[in-house]
Every structure is written in C-alpha cells, then in structure tokens.
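Got some structures for you, see below.
Below, subunit A partners subunit B and then partners subunit C, in two separate complexes.
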Partner chain A sequence: MSILPQIVLSGLAQGSLYALAALGIVLIFNAGGIVNFAQGAMAVVTAYATWGLLNGAHVPYPLAVALALGAAFALGVATEMLVLRRVADAPPLTQIVVTLGLLMLLTGLVGIVFGHDPRSLPELVTLPSISLGSLILVPSEGFDLAVLIVLVAALMLLLRRTKLGLGMRALSQDRFAARLAGISLTRVLSLTWGIGVALAGAAGILAVPSTTLTPATMDTLVIYGFVAAVFGGFGTLSGAIVGGLLLGVVDNLIKTYLAPELSLSVVFALLLLALYVRPNGLFGRAVVRKV
Partner chain B sequence: MVSSAVLSFARSERFALLALVLAIAFPIACGFRTYPLFIAAQFAVFAMVALSLDVLMGRSGQISLGHAGFFALGAYAAAILSARFDVDLLAGAIAGAALAALGSLIVGLPATRLSGHYLGIVTLGFGVAVAQIALKWTALTNGDEGVHVRTIHLAGIVLSSPLHVYAVAFVALAAVAVFAARLPRTRLGRAFAAVRDSEIAAAAMGISVARTKVTAFVISAAIAGAAGALYAALTGFVAPEDFGISQSLLFFAMVVVGGTASTAGTLLGALVLDAVSQGAATVGGLSVALIGAAIVAVALFRPAGLKSLWRRGEGSR
Partner chain C sequence: MRSRSRLAGIAAALLALSGVAAPACAEDAPGATVTGDTITFGQYADQSGANAAIGAARYGLDAYLQAANAQGGAHGKKLRLISYDDGYKPAQTAALVKKLVFEDGVFAIVGGVGSPTTAAVAPTLNDLGVPLIGMATGSPIFYDPTRKYVFPAWPLYTTDGKTMATFLKTHFAGKKVGIIYQDDSFGKPILAAVESVLGHVEEVPYSPGQVDFSSAVVKFKAAGVDALVLATIAAPAAQILNELPKFNYAPVRVLTGSACGYTTIFKTVPSLEGAYCAAFLPTPESKDPQWTAFEDAMARYEQGHPAEIYSAWGWLAGQVAVEGLRRIRGPITREAFVAALESIKSFHTIGGDLSYSAQSHRGIGGQFIWQAKNGRWLTVPNSKVEP
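Take a look at the complex of A and B:
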C-alpha cells in the first residue's frame, strides 16, 4: 500500500500554513511595496498572546484565539501608522532595516516577557482520526486546510466586493493614480497591514500545537512563507497560495524520502534553482524595466 | 577640494593612530587578564565580519542577511582541519576564506539577477541552511556538540596565551580595515560604487555588472570566512548555535547602526553593538530587544547611521 497519498495530504495541510504566512507577506508587499521581515516575530507575538490569555487569564480557547488575532490586527495597524509610514518613501534598504529591527525588538520583548522556556498550545480540534481505506484523515490537518479555504474566501470577498478591497487592489496597481482617484492611501495601508499581520498570526497559532512555542519558533515558518511567496512570484495572491501548498507537499516528500533533517536546506536549494531559472517566480510575469 | 582631501587624509591617519594606541593600551590597562582580552579579541573578529558586510552592502549595494553563514563556513573549515589534521591557523584561515568564497557563489550567482527584498530572502535562507547543515551533518561537524580545536599555532608559532590571540585578531582587523578603507579609491571599489548607484549607467561605462556583483560577494565572504577561522582559534570550539539568524542580524545591525559605506562608522557600530550584546546578555531577550530598538531608531531618525555624527551632509544617501 502506497503511503504517497497520505504524505501529499499532510503536506497540503502543512502547506496551508505556509500559504497563510505567504499571503500575509504578499498582501502587505502589494499594498506598500515593503517586505515585512518581522512577520514571523508578529506571528510569535500572536501565539504568545493566545498562550497568555489561555493560561494567565483562563479565557476559553476560541475566545483567546479571537482576541489574539484582534491584537495581531492592531499590532499591524499600529506598526504601519507609527513606524512604516515614516519610511514609505525611503530606499528599500532602509525599509528592510526597519522591519528587521522590528523583528529583533519583538523577539527580544517576547523573550523578556514570557521567557525562553518552550510553551505549547492545545490542538484547536480534538476529534478522532477518520480512516478512509488506507488514507487517514487527521482532523487538525483538515482544520488547517479548512481555515485556509475560509480565510482565502473571505479575502477574495474583501478584495472583490468591498471598497477597502478595491482600494487595496488599486494601490497594488498604481499608488499615484489610486490617490488621484480619492483613495486614502494611509487608511488602506494600515488596514492592509492589520489584515496581513492577522494572517501571519493565524498561521502562527495553527502551527504551534504540532511543535513548541519559543521566541524563535516562527523563524522557520516565515522563511517557508517567504519561499512560498517567491515560488509563486512575489505579488500574486494565488501564487502565494499555490506556492505554499506546493512547498508543503515538496517539503513532506523530502522529509519522507530524502532526509528529514535537511528539508530546509533542500527547500532553500529549490528556491535558488527556481530563482535562477525563473527570477520572477513560477507564476510571476517578467518585470520590464524602462531606462 | 584639495584641502578637504588633505583634511580627510589627516583625519583618517589620526583615527588609525588613535585605534592603534587603544589596541596597544588595552591589554596593559586590563592587566593582561584573560577575560577582557578574550572579549576584546572577539570584538575584533566580529568587527572584521561587520567590515566584510559593509564591503558588500555599503560599497556594492547588495544586502546580506546571512553573513553568519560565511562566518560559519570559515570557522568550521579551520576547526575541523585543526581537530583532524592539526593544520596551522594560517592555512586554516586560507581554507576558511576559500570555502566561504565558494559558498558565496551559491548566493552570489543568482544575486546577479536579484536585488533588494529577494536578495534579503535568499541570503537569510542561506544563513539558516548553513546552520542547519552544521547541526545535522554530525559525521563532519559533530552536530550540536561542536568541534574542539587542537593547539593553535600560527606559522609554526604556538599561540599559548590570550594575549597572542588578541594580537593576531587585532592585526587581522587592522588589515581588513585598511583594505576596506582603501577599497573605494581603487578601480574595483569605483566599479562597486558605480553598480551600487546605477546598474544601467555602470553597464554603459563598460563595467560588467554581474561580474562586479559576484566579486563583491566573493571578497566579502572570504573576509568573513577568515574571521570565522580566527573565531574558531579564539574560542577553541565551534558549535551551530553561534551562527544562527540572530548572529547574522547582529552583523547586519553593526553595519546599519554604524553607517553603511563607512569603515570608521562600521567599526563604531560594531563596538557599540558588541558592547550592548555583551552587557545585556545575562537578561534573556534584552540585548536583542535593545539592538532591534536601536536599528529602528537609526532607520527612522538617522538613516546614515552613527557616521553622520561626524560626516554631516553625507547622510542623505
């Protein structure tokens, strides 16, 4: 009996977390042209907020998750308003520097507040596994995929049906023209940051039960998120989703058939290869630079 | 023009003299005790890596968020050669530099087609991948138990006391600093600056943009690799946790806080941040938070870094 379908299925579940992380990165990048390297630290903050609400304030789990995601949204909005807005027109290096500084600041603060002992969060869904012939459906994995589908659907509705979404799409096409059309650049940007960070936070909370929570936990998740975004061709949401899912499957295949401990290195090698062959990602279009 | 050139020459001479006096006075001032000498030598090694990163970032305009990876390649090359074959530090440093330079081709070659954010992601991934391989390739690296270096000897002379290692580290730092300071006035340095400021204009002048970018990566990685070999000699022991993301970000922060494209600025940034990370190391997370706050503050309020304290008017880049 082949275990391949099982590996692909678990890979898709893991990939849905990468897709969520990648979506957050791409959403923020599209709106403001900034790659938020602090995305992982912000996911860590969200996960620790959940942990604190659960274990410190004894809030019911679903409410704790909702509150933490709200906090992540607020963190994103505040970061854009207080920090990134000031470097909106600065060279890319300065913008990278700022988000890296935030990454270190947040990681450090989490370490000071919560310490460096590993913490854990319980599974969000605790149902027995269902077997379908040789295939075993693990509910928490199905839940990861379901969350991705629901959030993507919500995001699509937001982008296609609301004024905010129209603003976000306009911003990603032409900032100047968007402003001329009367779109409030600052408002759309800060809300986009809020949504993007909340997506990273969701990925963070979902990722914790299967690993442990430390201030550095999300380093890997976010690197995978970046890789997924690059695979998909930085800047397209569908690319981020496909890239994330594909990466999850590939990663799981490497772990099973090649070398479990070197998955990150192999993924990195694939990233280099992909960038060398297609610098604009698998689905990206070539950027024509005018002189 | 002439007078300002003379002035800047005199100033850099004065700076070098001051640094020399401090480097000689320090061991006497601390009474040749082991720990202060170790900390100072470690600063010299980190400062070398920061300078190598400034050659890449400040001079050639390419970002690296994974310099601890090149540093690790050099450290492991020297440590393993010493542990297994009792190889001399000089040979170890050359091997370390060569291995790091070779590693830099992995990221440097695609880098010719990438810039900004993409390059940041690729180099970040490179640093993480090197640390992971160091952790998992136990047959070669001993995994998280690390590699213990044998007796350290340089060109046949055994470096028995901390003072010896201190002296070697600062001589090496001085050599790198002189190279980094002279670079902008060489043909290669001008090519770096041309590529950094406008790739199209550089190409129009007949500079091979791709070759220049790769050259910058190779030189920068080789220096970081040699510094890694010194680090192995200094600590006598290398393990994967010394070369993680946080170490890469520390090097990055040294350059940014000190001021890119400035040798003196990078040295100052290295001194300040090394002091912060040593001083606050006992409280978990504090040093990282402080350095992060420093980076954000510098980016927001003094994008040119600490060097703008004495070089006004150059802060606009």
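Take a look at the complex of A and C:
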C-alpha cells in the first residue's frame, strides 16, 4: 500500500505549525514593516512559560497554555513599546539587528534560567491513533490543523469586524493615511506585536510535545516559517497559510522520496525557483511606487 | 621593512593555525613548559547552542580537577581549567582554541566536546604540538592515523555501531533492522559498523536541526522494520521515539550513548521503557565505585549540576589528563606529557580500562548495552562487545 497519503497528512500537520509561525511574522511585518527575527525565541519563551506553570506551579495544562499565551501577548506588546518604538524611525538594517539582538538575548536568558537539558510538554490531545486501512489518523496532528483553522478564523474576524482589525489593515496599506484618519499607530502596533508573538507561541506549544524543549527548539521551525511567508508572498496572510501547508507537504515528500538529509536545501532551491517564476510569491503583488 | 616582517609574522601565524605550515616545535609554543605553581588546561564545550546539554562535560572535568587539587594537585601544582562556550560551532571552536593556546597559554586542551568542533582544531593542535586529551567524540577520524598529540579516550563510534548490531543479532535474530543516522562524522561511522555486522539494513539519514521525523517513521513502518537503531544525538532521538507510538508502531529501539545520557530523558520520552542504549559508562544508578566517586565530587564541587552521563564525559577526560601529568618524571613539558600518556596501560577509568602506546592512542575499547526498566537504566548482562 502506498504511504503517500500518510506522508501528505503528516506534512499538512507539520505545515500548520509553519503556517502559524509565518502568520505571526507576516502580521508584525504588515503593521510595522519590521521582520521579527526573534519570533522563534519568543515562541520558546512561551513554551518554557507553559512548562514552568505546568511543572513548577502545577497549574492545569489548559490553564497553563492560556496563561502562557497571555504572557506571549504581553511579551509582544512590551517588546514593541520598550524596544521597537525607540527605533521606529531608524534604518531597516538597525531594526533587523535589534530583533537579532533580542533573539540572542532571549535564547541566552532561557538557557540560564531553565538550563539546556531537553524538557518536554505532554500532548494536548491524548486520544489513541485511528487506523483506516493503511492510513493512520494521529489525533495530535488533526489537533494542530484544527488549531490553525480556528486561529485563522478568529484572525479574519478580528481583521474584518473590529476597529483594531481595521486599524491593522489601514496600517498595512498606508501608515500616513491611517494616521490622518485618526488611528492610533502606537496602540495598533503594540497590539499587533502581541497577537503576532502569541501566534508564534501557539506554534511553539504545539510543536514541543512531538519534539523536545530546549532554547534552540524553534530555530529550524521558524526558518521554515520565514520560507513559508516568502513562498506565499511576504505580506499576505493567505499566502502565509498556503505557503506553510504546502511547505510541510513538500518537505515531507522530499524527505521520503528524495533525500531526507537535504530537505532544507531542496526546500530553499524550490523557493528560489518559485520566486524566479513569481518574484512576489504565490499571493503577493508587486509594489508600485509613485515617483 | 618593519611592516613587511610584521606581515610575514601574521602570515606564519595564520599558516600555523590553518595547519598548512610544518609542525611547530612543541617546546617553543606558549605554555609548553610549566614553570609556575599552576597547570592550566583549556576546554571547548557548548553551553548555549543546540547541543548545550552535552556541554555539561565542563562540570565533570572541573569537578575532577578540584578533587585532584584537594589531594595535592599534580607535582605540587594546582590544576586550573579555562572552559569556553563554542556554541557547537566549529568556526567558533577554532577561534577559542587559538585564544586558549596563544593568549591563555594553556598546557593542553582537555575534554573538548563534539565531533565537528574537534575536527576543526585537532590537526592544528597536533601541528602546534599542543596535546588534545579525552575529547568527547568517538569519530574514527581522530584515531586513524594516530597523531602524536591527540589522545582520544572514548571507544570508537564504530564500536558503538558494532555493539548495537551484535546485540540485535544475538537477542533479536531474524528481525528486520532499520537505522536512522545523523549524516555526518558522528552518524556515518555507526551506520558503517552496523552494516558490517548485519549486512545492508533499511537506512534513513537526517541532517542536524531537522524538526519533523514523521516521514522517517512512516517509511520504516511501511518497510516492515521491527528493530530500529537510532544513530542520533539526544533531541532527535527524543523526537523519533515520541513519534513511534502515534503511528501504532513499536519496534525494538536501540540508541547510542550520545542520545541517552541526560537526567531528564525518562520525563522527556514517556515511551522509553524497554528501549536499549549502547554505553561505555556505568549506569547512573549503579553502585560502581568509579561512579560513586564522581557523584560525590559533583555534589561537593558542582552544586546545581547533576552527576549524569554528559558530565561524566568531562570526569573521564580529567582522569586521563591528570594520570598523564602524575606519570611525568622531571620537568613538566608537553613532550614529557605525551611520553607519560603513552606509558598508560590498563588504567581504570569511569569508562573502563584505558591504554595508550606510541603506536596507538585508541583509549577505551569495549561497550555494552543498557535497557530502560521502570524509569531507570540497567546494564544488560553479557552484552559487552570489544572492538
């Protein structure tokens, strides 16, 4: 029996984590024009917060997850208010270096506080796997996909039905016009950072049970998140989602049928090829500037 | 003229460091002869990167040197350790070792951690005549050919693979074997050794940093593999083992010692029960007197850092280096140190008996198998395999 359906299914589940990571990156980029390279470290902080609440404070798991996501939101807001706002008018390179600095700082701090021995988080769904002939439905993988769908739906509602969402959309289109329309740039930016980091935190909490928790846990996953964002068309939410899911499947296919040890290299080669054909990604549009 | 000679000096230093120049005279390099009341060793060990768990070797080495100092040190001189965090990045290792040799003036590099990191510095240190002792790696590239100043202590990774394969052949004859291995100087020798015993097996390579192993698990299951060898380090092993039950897949599982040495493994891998591990150190729960001495020293000198396999790697390196020092007769020079190390025969270490000679720097020979039972590791009787 072919293992292809199983490989595609597992790829979609893994891709949902890449999509979540990519969504957070794109959301922050759209609002502030900043690429947050510390996104992975912030996801790791969220996962460690969950671990600490669960094992240190013995908080029930669902509550620990909720509190950790709240902490991730606060971390995002605080990062924007205390760090990024200070360099809002600085050249893009300065802002990139600042987020890279945050990446190093947070990774180092987590290592000092929690050590480097691998830790773990239990699965959020502990139902047994279901066999359908040769196909095995893994509940935790289905849960990853379900979380992506729910969070995307919530995000769409936020963007289309709320004043904050209107502000976020306005900011992504024209900051100057948004300010003229009376939108508080600082407030919208802070909240967007909060949501973006919480999305990365969700990806971290979902990823850890099937891997381990160390300060470096999210390094590769966030690289895939960046690739997904670019593949879909940096700046579009739908592109991040499709890019993430597609990347998960393609990566799994490469590992299974081509060369597992070369999957990341092949993924980047495909990305370059895709950008050669569509320079703005799958869903991106060319930016036209008036001169 | 002056700038030309300075340029020539810089070029010579660069050539020496890159291993291109002819071997430098060991007695001329900084720190080649111990004259003060302290003997300083240098170490590189990941404390912040992807493999920081294995960097705990630093604490084991420090504990051994402190314990040795409490007994008078060596030749009445105190032993001192300078350990740098290389983040498991070979380029960083090369830069830090340069600092250890030329700025800190260490006498020898002891207990450095990792295969790729050691590969970045071993040829250069040998050319400079700076001894490299007891590094935490069993990659064959450090054993063959024998280098005058390089003294590995671990059994070869090929022994790791041979031990796992022999165990499967003896205890699980007829099972279809698969191996997932890290595609580098760590995993490939293990693959070669496994196949030298079992013939061709189902194999899946992976690159360090890979985050999803579901495709490998699906492949092994579809191929009917019922005994799985994991030639991996700690994090990928935990990831793979955690994937297995999700796919209703329960093969015999055999890990390398590099994957099962940390104290939290039984919490990190809930399905570890019944798995096997190739090892050369006593189990942490054993009453082995060598382990007890190590445990006592860790509790005394390294509070907050447990006595575990990874810190024991450093302890082993300390044992070898200090034994070599204590065997020196006359001035403490690097040449005398090398001669003293080569005189070590059947020296009892925490990892078993160790011998060196001028012809062979093989270190410890045999390995055996542990099994996870009731939340702890137990040694499988009669599982020892010699290289």
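Just so it is clear, the second predicted complex is superposed on the first by the 285 of 291 C-alpha atoms of A that agree within 3 Å, B and C clash if a C-alpha of one lies under 4 Å from a C-alpha of the other, contacts with A are read in each partner's own complex, and residues count from 1 in each chain.
In the analysis below, a residue touches a chain if its C-beta (ideal position, glycine included) is under 8 Å from a C-beta of that chain, and two chains touch if they have at least 3 such contacts.
Quick caveat: nothing in here was measured; it's all calculated off a predicted structure.
Peer 1: With both structures lined up on subunit A, is it a clash or a fit for subunit B and subunit C?
Peer 2: These partners clash in the superposed model.
Peer 1: For A:R119, select first, second, both or neither according to whether it touches subunit B, subunit C, the two together, or no partner.
Peer 2: The second partner, subunit C, only.
Peer 1: Using the superposition on chain A described above, determine whether A:V98 touches subunit B (first), subunit C (second), both, or neither.
Peer 2: first
Peer 1: Which partner chains sit in contact with A:I3 here, subunit B, subunit C, both or neither? Use first/second/both/neither.
Peer 2: After superposition on chain A, A:I3 lies in contact with subunit C alone.
Peer 1: So, A:D219: does it touch subunit B (first), subunit C (second), both, or neither?
Peer 2: So A:D219 meets both subunit B and subunit C here.
Peer 1: Which partner does A:A153 contact after superposing on A: first (subunit B), second (subunit C), both, neither?
Peer 2: neither
Peer 1: Quick one: is A:L109 in contact with subunit B, with subunit C, with both, or with neither? Answer first, second, both or neither.
Peer 2: It touches subunit B, and subunit C stays clear.
Peer 1: Have a look at where A:L127 lands relative to subunit B and subunit C in the superposition and call it first, second, both or neither.
Peer 2: A:L127 sits against neither subunit B nor subunit C.
Peer 1: Taking the superposition as given, does A:E261 touch the first partner, subunit B, the second, subunit C, both, or neither?
Peer 2: It touches subunit B and subunit C both.
Peer 1: In the overlaid three-chain picture, which partner chain does A:A74 touch, first (subunit B) or second (subunit C), both, or neither?
Peer 2: Touch partners of A:A74: none, neither subunit B nor subunit C.
Peer 1: Running through the overlay: 73-81, 91-99 or 163-171 are the candidate stretches of subunit C; which one clashes with subunit B?
Peer 2: 91-99
Peer 1: Which subunit A residues are contacted by subunit C in one complex and by subunit B in the other?
Peer 2: Subunit A residues touching both partners: 107-108, 111, 116, 215-216, 219-220, 259, 261-262, 264.
Peer 1: Hey, which residues of subunit A end up touching subunit B in the complex?
Peer 2: Within the complex, subunit A contacts subunit B at residues 29, 35, 37, 83, 86-87, 90, 92-94, 96-98, 100-112, 115-116, 215-216, 219-220, 223, 226-227, 230, 234, 259, 261-262, 264-265, 268-269, 271-272, 275-276, 279, 291.
Peer 1: Write out the stretch or stretches of subunit C touching subunit A in their complex.
Peer 2: Residues of subunit C touching subunit A: 47-50, 52-53, 55, 183, 204-207, 209-212, 214-216, 218-219, 222, 234-235, 238-239, 242-243, 245-248, 262-265, 267-270.
Peer 1: Report the residues of subunit A in contact with subunit C in the complex, numbered from low to high.
Peer 2: It comes out as residues 1, 3, 6-7, 10-11, 13-14, 107-108, 111, 116-120, 122, 129, 131, 134, 136, 138, 140-141, 207, 209-212, 214-216, 219-221, 224, 248, 251-252, 255-256, 259-264.
Peer 1: Across the complex, what residues on subunit B touch subunit A?
Peer 2: Subunit B reaches subunit A through residues 57, 63, 65, 106-107, 109-110, 113-114, 116-118, 120-122, 124-126, 128-129, 132-133, 135-136, 200, 244-246, 249, 252-253, 256, 260, 283-296, 298-300, 303.
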